[in-house]
Amino acid sequence: MTNQSQQTGFLENIPVHLVSAGDYEQEARQRLSDPVWAQIAGGAGDELTLRKNRSAFDALDIIPRLLADFRQADTGVHLFGRRHKFPLLIAPIAHQQLLHPQGELATLAAANALETTFIASTLASTPLETIAAESEQPSWFQLYFQPTREQTLDLLQRAEAAGYEAIVVTLDAPISGLRNRVQRAGFTLPAHIPTPNTAGYKPPAPRNLAPGSSVILNGFMADAPRWEDLQWLREHCNLPLLAKGVLSPADAEQCRATGLDGIIVSNHGGRTLDGLPATIDVLPAIRAAVGNELPLLLDSGIRRGTDIFKALALGADAVLLGRPYLYALATAGALGVAHLLRILREELEIAMALSGRPDIRSIQPDAVTGS
Amino acid sequence: MTNQSQQTGFLENIPVHLVSAGDYEQEARQRLSDPVWAQIAGGAGDELTLRKNRSAFDALDIIPRLLADFRQADTGVHLFGRRHKFPLLIAPIAHQQLLHPQGELATLAAANALETTFIASTLASTPLETIAAESEQPSWFQLYFQPTREQTLDLLQRAEAAGYEAIVVTLDAPISGLRNRVQRAGFTLPAHIPTPNTAGYKPPAPRNLAPGSSVILNGFMADAPRWEDLQWLREHCNLPLLAKGVLSPADAEQCRATGLDGIIVSNHGGRTLDGLPATIDVLPAIRAAVGNELPLLLDSGIRRGTDIFKALALGADAVLLGRPYLYALATAGALGVAHLLRILREELEIAMALSGRPDIRSIQPDAVTGS
Amino acid sequence: MTNQSQQTGFLENIPVHLVSAGDYEQEARQRLSDPVWAQIAGGAGDELTLRKNRSAFDALDIIPRLLADFRQADTGVHLFGRRHKFPLLIAPIAHQQLLHPQGELATLAAANALETTFIASTLASTPLETIAAESEQPSWFQLYFQPTREQTLDLLQRAEAAGYEAIVVTLDAPISGLRNRVQRAGFTLPAHIPTPNTAGYKPPAPRNLAPGSSVILNGFMADAPRWEDLQWLREHCNLPLLAKGVLSPADAEQCRATGLDGIIVSNHGGRTLDGLPATIDVLPAIRAAVGNELPLLLDSGIRRGTDIFKALALGADAVLLGRPYLYALATAGALGVAHLLRILREELEIAMALSGRPDIRSIQPDAVTGS
Amino acid sequence: MTNQSQQTGFLENIPVHLVSAGDYEQEARQRLSDPVWAQIAGGAGDELTLRKNRSAFDALDIIPRLLADFRQADTGVHLFGRRHKFPLLIAPIAHQQLLHPQGELATLAAANALETTFIASTLASTPLETIAAESEQPSWFQLYFQPTREQTLDLLQRAEAAGYEAIVVTLDAPISGLRNRVQRAGFTLPAHIPTPNTAGYKPPAPRNLAPGSSVILNGFMADAPRWEDLQWLREHCNLPLLAKGVLSPADAEQCRATGLDGIIVSNHGGRTLDGLPATIDVLPAIRAAVGNELPLLLDSGIRRGTDIFKALALGADAVLLGRPYLYALATAGALGVAHLLRILREELEIAMALSGRPDIRSIQPDAVTGS
């Protein structure tokens, strides 16, 4: 039993009690106002899905193997021809200036330091071009369909021109979820938080609805993207294109049939429809549906290196980290995010070491069992 | 991701923190006396069924589909030849003047405003004729068997004459449930709350029981309705007739064989026999037993649009809303009930939008899975 | 919906908030000293079995049938040729003078009033002959094997001579259970509580144990009863003989093969070995093992009429009530016990009424399902 | 029902409320500083495994048999040709002087008094030679692989020379687990606590890592033991050799194929990788994999004699006791440990008595069932 430590100088200003993502969550709770906390930490409705995102991971056991050979140990994965040192990416999250004056650029600085891929949100508070310019390794761009195809195409082409290496199109939020906690807390986006990427796009004229029509179903949803729009996007996108928000095998198959390059299994962190399943619970059936070749990523509930391990075992190629980096950002800016990324990296390394899986390929379904 | 809102002027007096049925429940708790709260919110015995009514819904996951076509989206359902804009009806509940001076008429005003069918209780504190006259769309009438067939027939014929469009005969309460919470709180119906519909019917003479007989089993239950009474009612009823309180496939089949037009799967909100199953748990077997054509409704535990969605997915054609509208009635009268109905309508619309089910017919069993 | 009530004069002195066995438990907690409470309410070890005795009942659902014919309704059962008005007997419990100055005689007075069979404990604080003399309907006698066969035979013959109608031999307590709660509370039996039934029997000389032997296994247990002793008892017993404490199908079969007339499925109220299963969980397999004819009784966890109903549905012919009557005895003496028996009787009647089972024979396995 | 008692003089100074391992845990919590408590009581990460170690035992039911013949009752087991009076050994735990000035020697004194085998840790605060000299019955030695084979061989040969009777090689901790609770509490090993067994071994020179390499995976783990090292150890070990930390059937089979003499199923008390399964949950599959002859021991979660019973039923030949004896050591030194060992011995004897299993061989899988 050897006592390892990787504490190095650049983290010496982080309080010693912050040793896990959960600690950053508690710390951020103290630092954020109630409305911002509700907006960041809350989920939809009764937050059933939010809680299940954690309990589903916790219910899984890791079956360790002993005495494995680690002389070629490696945490790297390849996605679309590029090697990632670690199977963890920064999930796209809107409005990061809510958490820190530097917003996305602070998160990005940490991503740069840890050689971690940053996925920029359409609703970032920093222009996509600025993010791309500051990225020391290629970033990805998350795209929401815009009110018109012209606007969507413009956004896509700006991302391609800026040098992003992949496009993540989010499909699970054609309308906002029901965020009761946010409603009760009275959160509204402060006027000083910009959304520069879409600021130039003219909002659509309100649709004239027949009397008695539903604003939601006959208004917003009548204009929501359909499979033909995804097909159109695929045809116009020159980069690897991933669909985010898939939870059913049937949709996963249809994404593959539409020519998408990858799928992100996600329930949007429990923020859209309450009652959606935990992503780790649906992952095995989705992997089975699309076969072994299509890249599968997963988010929603990742808080520990052991969660990353479990997702990899059950079919993911990599995972996305969401809320926890906002907590670290709110607590200590770029330094906090870098520290958190280091924690998760070490946690996965420890999980691999203690479970006898020396590389990502060795983390197979037999490494995990339900309990 | 578009931010929808349907807030309109008529609701501007509702406190902003009331955004769900659960909020109205907490608000009503503050406004009602302990005995009335026990009577309204309580269940039978140890309230196992009351709690299961919620936990059974929460245990189900919704499996979403992406990119569905909503251009013909519609929440309407047809029941007995009439279109309902929304698969939600107002459950029959007695004594609504306990909650608000206007009682049933306040609830009805909200139902009128939202074009929602009101089911008037035999034990309403407002005469059935008054309710029918104030209904802007046809209401239904809930009927308890009376001590004599003459009385039952009189009640039925008054309901038909008043213009009700369907009769709901409640079968699951031949005697009162054991309401320990009510007993401990000392609730009794205040003298000023009338039950005008049955006020003219003479109570039966007490049965002469042999010594050692059970007042419950040999007294009340010996006079309780039997299948032959339901058959008799069927023969004398000129309206669609629904049986309320069915929890077993065998009874559902027998109702259909008796010529009933519909079934309401209900455990009476957990207020009769503690230990009854959650309705959502028995619904699939009942749907399987009666086939796809017989209208099935469900109540007991509906608190969210996602609950309505889950019930529709597992075989219901529509649901009934119970206690929550009493909480809204106690909080803000007709305005509160109307607000609550709007909340539930929007919640179902959001559930349909975010699960990719554009109409009621598309909400099939594959939309829900146990977790 | 008719409001039934059976309140009669003789109970007018019972506080109105005592409406269930659980209420008596809370009331008794206030009235008993900590050590006596530990002795009465506590279970073995960590009290896993004690808690499971309740949760196992609560996990079962009752499936109701509607519109049943109650004109011949009846709660009676026949055991060994005698009709019991109600499928509930008073479980044998030691030292009842701990709870009330009149001890067993107060309990018996209530049993007499409710025509309920009393099972007198070997360790009663009242002589078995006195109990038999005060019984207005035949009582049963619970027998522990005594240190010698002569003593056991003497005790048996005294019981037969006194007029008991059946013998219950307890097999699950050859030594005391590990009662940590009692140890921590420092309970010891007060000197003034007699055990007259066995006072005249000379305790056995301590066995000379080889050095290093176990006092428990090589001392007490070497002298514990074996199957040959049960066979001997069977041969000498002229009354119906029931074995109490059976939890496995194999033991149930062996009891039947040994000629016993009935079996009581029991875990001794969770007071012997912590970790024993809930009786309701093992009942179906035991009923299957012994066939439909052998009388099966059950105790451990009965707190509600619905619990009695569930036990009958899953194979019991009747149940025994344990701790709850001690709580009623401590609270209000004979009056309290009579009230509690009335509560349980009404609860079962209500369960039968609301589940559509008009007699005990109609309460079959299809009336209950796991949830 | 006979009241047994084995209280004897030498325990008269133990407070009367200490009647179980759980009581010693609570007592120790009061006596230890927060950092030491975190170090002793805490587990890895979120302590999922730590909690599961208890809940998994509690979920199992014991199925008792009645009227068994105890005239040859015996708790003895044979391991490697030596009879153990009781199927319980003292698990190897480091640094026992943290808990008591006499450290391992106090624990050993209790083990001597109760004729219980002590397993000395490589990281003991007392020299292995001293422990061996003070052992009144042969002890076992727990061995960690050292940085070089020369060091490992030296340690092994010292243990053999000192008279240990078996070697336990711990395989599940090639690096330390992630001990967040310890990190937050700020525990570090006090300077006055020695680790004499390895004090003379020179630490390895830090490996020169390529830039970007992982200190954990490419540093520590590249030097971690592999199967070939276990094979080497087997060849050099002249004593029975047991592998500790096995949780998978495949590793168990490979240990047997490598010539090991026994296996200890362990998750290191939940202190290494959080998310490992409970040992009792994986035991049956491991027993099935290695057949009935290979000695299997188990630790992690043993707190009750009924836990020992359940482990024996599901395939273990004996168990190891861990944290509880530290709590007893901190509370009352050797006397406390002896008392605790007596408690556990009596608890197992009572479990055997009340379940009708008179010897260890009779405790088979049919004695336990999941609940």
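Order of writing sets the labels: A, B, C and D. Residues in every chain begin at 1.
We take it that contacts are C-beta pairs under 8 Å (C-beta built on N, C-alpha and C of every residue); 3 or more make two chains touch, one makes a residue touch a chain.
Small disclaimer: the values here were computed from a predicted structure and weren't measured.
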item	value
Intersection of the contact lists for subunit C and subunit D	none
Far-end chain from subunit C, centres as C-alpha averages	A
Distance between the centres, which are taken as Cα means, of subunit D and subunit B, whole angstrom	59
Length of the line joining the C-alpha centres of subunit A and subunit D, rounded to whole Å	42
Residues on subunit A engaged by subunit D in the complex (per definition of touch)	1-4, 6, 16-17, 19-20, 22-23, 58, 60-71, 73-75, 85, 304, 306, 309-310, 346-347, 349-355, 358, 369, 371
Interfacial residue positions of subunit B with respect to subunit C in the complex	45-46, 48, 52, 123, 144, 170-178, 180, 183-184, 186, 212, 214-222, 224-227, 229-230, 243, 245-248, 250-251, 272-278, 281-282
